[in-house]
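So that we are looking at the same thing, I have put the structure below in C-alpha cells.
Labels A, B, C and D are assigned to the chains in the order they are written; within every chain, residues are numbered from 1.
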C-alpha cells in the first residue's frame, strides 16, 4: 500500500522551474530515501509535499487523498511531520517548549510519548530546560526530529539529518532512525550515501527536478555504475 | 529636596511611565511580530479615547464602556491587517509604513466628522476623584488606578507571551514563520489576533490618556512621537525593552520637569540621544 | 618578501568560526598561489560557504587571520576587500533585479573606477566603463541581452550575469561559489566554457566551490577538501582522487583509524 | 524616426514650460503665489524623492532641512544685513553639516531607525524653535517677518522661483543618471550585493542625504525670500507630511512625479479645503489606494499610457 503518491508534480519558485514533473510513490511502513546531487530538487520535493512551496500542477495523494490544493498549515493535521533541512529549532524557546508548540489538537504531550522520545534520544532528558540557541548542532538535530515525533504521525519527512554532524552523532542518528522506522513511514533526504544505504528500504534518485530511477536499496548498493552515474561516488 | 517631595515626584514619574507603557505596548507588540511600524497607532489611541468616553456615557457603565471600546479599536486594526497589511507582506517594509501613515488621515478625519474638531474636557468618574495621603502628601486616586491597570496589563501580557501556547507561537513566529506553518499552525490567524490585541491596548491607553489631556483630534498624533521614541529606546522588537524605556521616560520627564521646567518637553529626545549614543540598537534590542 | 608576493595571493592561518556551539570552520590554513585554479569540495555543511564568507569579510573569524597579497585583511571591511582586488559570485543568485543587465555589470566596473563618486556626468558618456561592461558581457555570452532587466533572465543566464559582474570587478582573485548551482544539465557546459574562457583570457587566480566533480577535476590545478569544518586534504586532482580520507568523507564512512 | 520620438517625448514638457512662462501675464496675484508655492515645494519634493525614491530610505524629518534653510536666510538677512544671495553658501554648509550629523547618527543601522529618529529630530528642532530660550532669535511661534524684497516685482519673483525649479530639476536629472545616482539605485535594489562589488554603502547614503538636504535647504530659503517671513511650521511635522504626500502621490523614483504631486497637493490645499471640510480624509483614502495599487505613484499611469501609445503607433507603421 502506498502512503504517498506524487504524479507529474511541477513546482516553480520565483519563476524558476524547480520540479519538472516529479512522479513517485512511497510505501507504507518503509523508509524511502531520496538521493541526488545538490540542486536536483530533493528539498523542494519535501517542501512541496508540505505545501510550503505549493505545487504548480500535478497531484499529490496522501493515503489516497489529494492534498496539493490544501493550505500549508492544514497538511500536518493529516498526520505528516517535517524535519527541515536547517533544523529550524526555535532559538528563543526551550527544548520543552519546542516540543510543546508542535503538539496538535490542543492535547498535552503524554508521558508515554515523552518516554518514547527520550528512549530514542537518551541525551534529550537533560536538555528540556535549555534554550534552543544554546544547543549544539547535534542537539538541535535531535530536538528537530523529536519535535516531529510528538504527534505520532504516519509519515515523517526528514531532510538531511546528518548535515554537518560529527561522525559519532551520525551514528547515533542512524540508530534513532532505525528505531523510529518501526512505527512510522519515513521519507529521508540524504547526501551521505553510506549512512542512507544502511537503513533505507527503498530508494529514489532525483536529477534535474525529476525522479531518475528508484527501487529496492539492495539494487543500488550492488550497482556501482548507477552509484557513479547519479551520485558521483 | 525633602524626602516627601521626592516620593511625590517619584510616584507621579512612575504613573507617567505606566501611561507611556500603556501607550507604547500595542505598537511594540505589533512591531515585534509583524515587523510593521504602525504609524496609525497614535490615531487608534485617539479613537480609543473618543469611543471610550462616548461609550461610558452611553452605557453608563465604566468598565463595560472601556472594554467594549477597546475591543472595537482592536477590531479596526484587525480589519486593517486582514484587508490591507496582508497584501504587502514580504515586500518593501517601507510600503507598510506608508500605508499606516495614510491611515492616520482617515482615522483622524473620521473623528473630526463624528465628534467635531473642538477640544472636549473629560470628567473623571466619581470613584476616581479625590486623593489619598501617601507619605504625608496627597496623591490622586486616578493615578493609583492607573498603576493598578498598568500592573494588570503588564502581568496579563507577560502571562500571555510566556505561559500560554499562543505566546509560544508568537515567539516562534517572530523567528521562523515557515516552520510554524509546517507545524500545522495558521500563522495568519495569529497575525490578525496580534493586531487585534495591539488595537485593544491602544484603545485602553487612549481612554486613560483622555483623563489627562482631554479629547482632541490631535491627541493621538501628539503621542505617536512619544511612542516611537520609547520603542526605539527600548530596542525595536523587544517588548520588555519598551516597558523599561517607558518607565525611564516617565522618570526623566518628571524629574527634569522639576529641575529644569523649560527642558521638560525635550526630555524624551535627551533620553533617546543618550541611549542611542551608548547603545545604538536600544536598551534590549539585538544587534 | 617579493618572492612570497609572487607566490601566494591568499593565505589563511588557523581560521576558525563557530555559530553557537557548532564549529563551522575549524582551524583552516590554506595557501593559494597566484594564478592557480583551486577548487574546494566537501559534503553539504562542511563549511565551504562559511569559509568563503570569512575570506570576503561577510563574517568575522573567531580566531586566525587572512592575508591577501601579504597584507593582513582580517579586520578589513568587505567593500575594501573588493577594492583591494577580490571578487566574489554567490551561490544563490544575487544581482540587482530591476536594473538592466548592462547596468548591473557597469555598476561593478564603476565601483573600481575613479568616477564612482561623480555627480554631474551621465554614466552613458563614460565610454570606457560601458565598453568594459560590454566586454565582460561578451565573455559570458550575454551581450545580446544587455538591455533586458536582470530579473527577466533565465536562471542560467542570471548565473552568467553573476560571473560577468564578478569579472567586471577586475579582481585578481575570483571566488566562485557553486557557479552551476540550480542549473539543468544542458546549461552546465555553457558555464564550464565561460569559466575556461576566463581562465584563458584573463590571468586570474580562481577559487571555486563546486559539487560537480567532473567539472572540478577537469578545471582545477589543486583541490582542497573540507569536512566537518576542517581541511582534510589538499593536492592535485590525481592525488585527491586517490586519497582514502576523501573517499570516506564523500561516502560517509568513518575515517579509518 | 528617432527625432520624432524625441520630439514627442519633450513636446508636452515644452508646451507646459511655455504656458508657465506666459502665466503671470494674464493671471491674478493669488494664482501667482500658489504657482510659486508649487515651484518651491516641487524642489522640496524632488529633494525628498532623491532620498526616498532613489536611495530607498524614508526620512520623517525632512522639514529640518527646509526649516534650516529658511531660518538661516531669514536670520542672516534680518540680523546681519546679508543679501539673499550671500546667505545661500551658509544654507548649503548648514544643511550639509546637519545631514552629515543625522546620517552618521542613524544610517549605520536598520533604515527604520532612520525614519523614527528623523521624526523625533524634526520635532526636537520644532520645539527648539518655539522654545522660550530661543525666542529672542527665532521669534517663537510668531516666526520672523519683514525680510527685505530681493527683487522689485512679483513677476520677477515668479520667474526666479520658476527658474529655480528648472535648474534643480535639471541638476537632479543629471545626478540620478550619474555614476553616483545609478549606485544609489543599486544600493536600494540590493544593498548586500552593492557592498560585495566594492561600494561603501554608508558613504553613498550619506552623500544622498547631504545632497537631498542641501536641495531642501535651498527650497526653504527661497520660500523665506518669497513669503518675506518664516514660521516655525516650516520645520514642523506638517511640512514633512506634505512632502511625503507629494512624493508618494506623484510617484517616487521619477523626478517629474514629485513635482506633479506638489502641484496636486498644493492646489487641493488651496481650493478643495474651502469646499470640503473632510477633504483630508479623501486624501488619506487616495494615499492608501496609491500605496496599495500604484506604488510608483500617479505618474506611472501616464507612463504606462504613453509607452502603450508610442508602441502602438510604431506597430502600425511596421
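Quick note on the criterion: contacts are C-beta pairs under 8 Å (C-beta built on N, C-alpha and C of every residue); 3 or more make two chains touch, one makes a residue touch a chain.
Since this is a predicted model, take the numbers as computed values, not measurements.
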item	value
Distance in touch steps, counted as few as possible, from chain C out to chain D	1
B-D against A-B, pair bridged by the larger set of C-beta contacts	B-D
Distance-maximising chain from chain A - centres being C-alpha averages	D
Between chain A and chain D, centroid-to-centroid distance (C-alpha), Å	55
Computed distance of Cα centres, chain D from chain B, in Å	33
Whole-Å gap between the CA centroids of chain A and chain B	44
Averaged-CA centre spacing for the pair chain C and chain B, given as whole angstrom	49
Per-residue overlap in chain D, given as positions that touch at least 2 other chains	none
Residues within chain C bordering two or more other chains	none
Touch-based graph of the chains, sorted into line, ring, star, complete or other	ring
Touching pairs - complete list by chain label	A-B, A-C, B-D, C-D
Residue numbers on chain A that touch chain B, as the complex places them	50, 52, 71-77, 82, 84, 88, 90-93, 97, 100-102, 104, 147
Touching residues (chain side chain D, partner chain B) in the complex	52, 56, 58, 105-106, 108-110, 112-113, 115-117, 119-121, 123-124, 127-128, 131-133, 237, 244, 248, 277-278, 280-281, 283-285, 287-288, 291-292, 295
Chain A residues touching chain C - in the complex, by the definition given at the top	16, 18, 37-39, 133-137, 160, 162-167, 170-171, 191-195, 207-209, 232-233
Residue ranges of chain B in contact with chain A within the complex	165, 168-169, 171-172, 174-176, 178-187
Chain C residues touching chain D - in the complex, by the definition given at the top	56, 58, 78-80, 82-83, 87-88, 90, 94-99, 103, 106-108, 110-113, 115-124, 126, 129, 165, 168-169
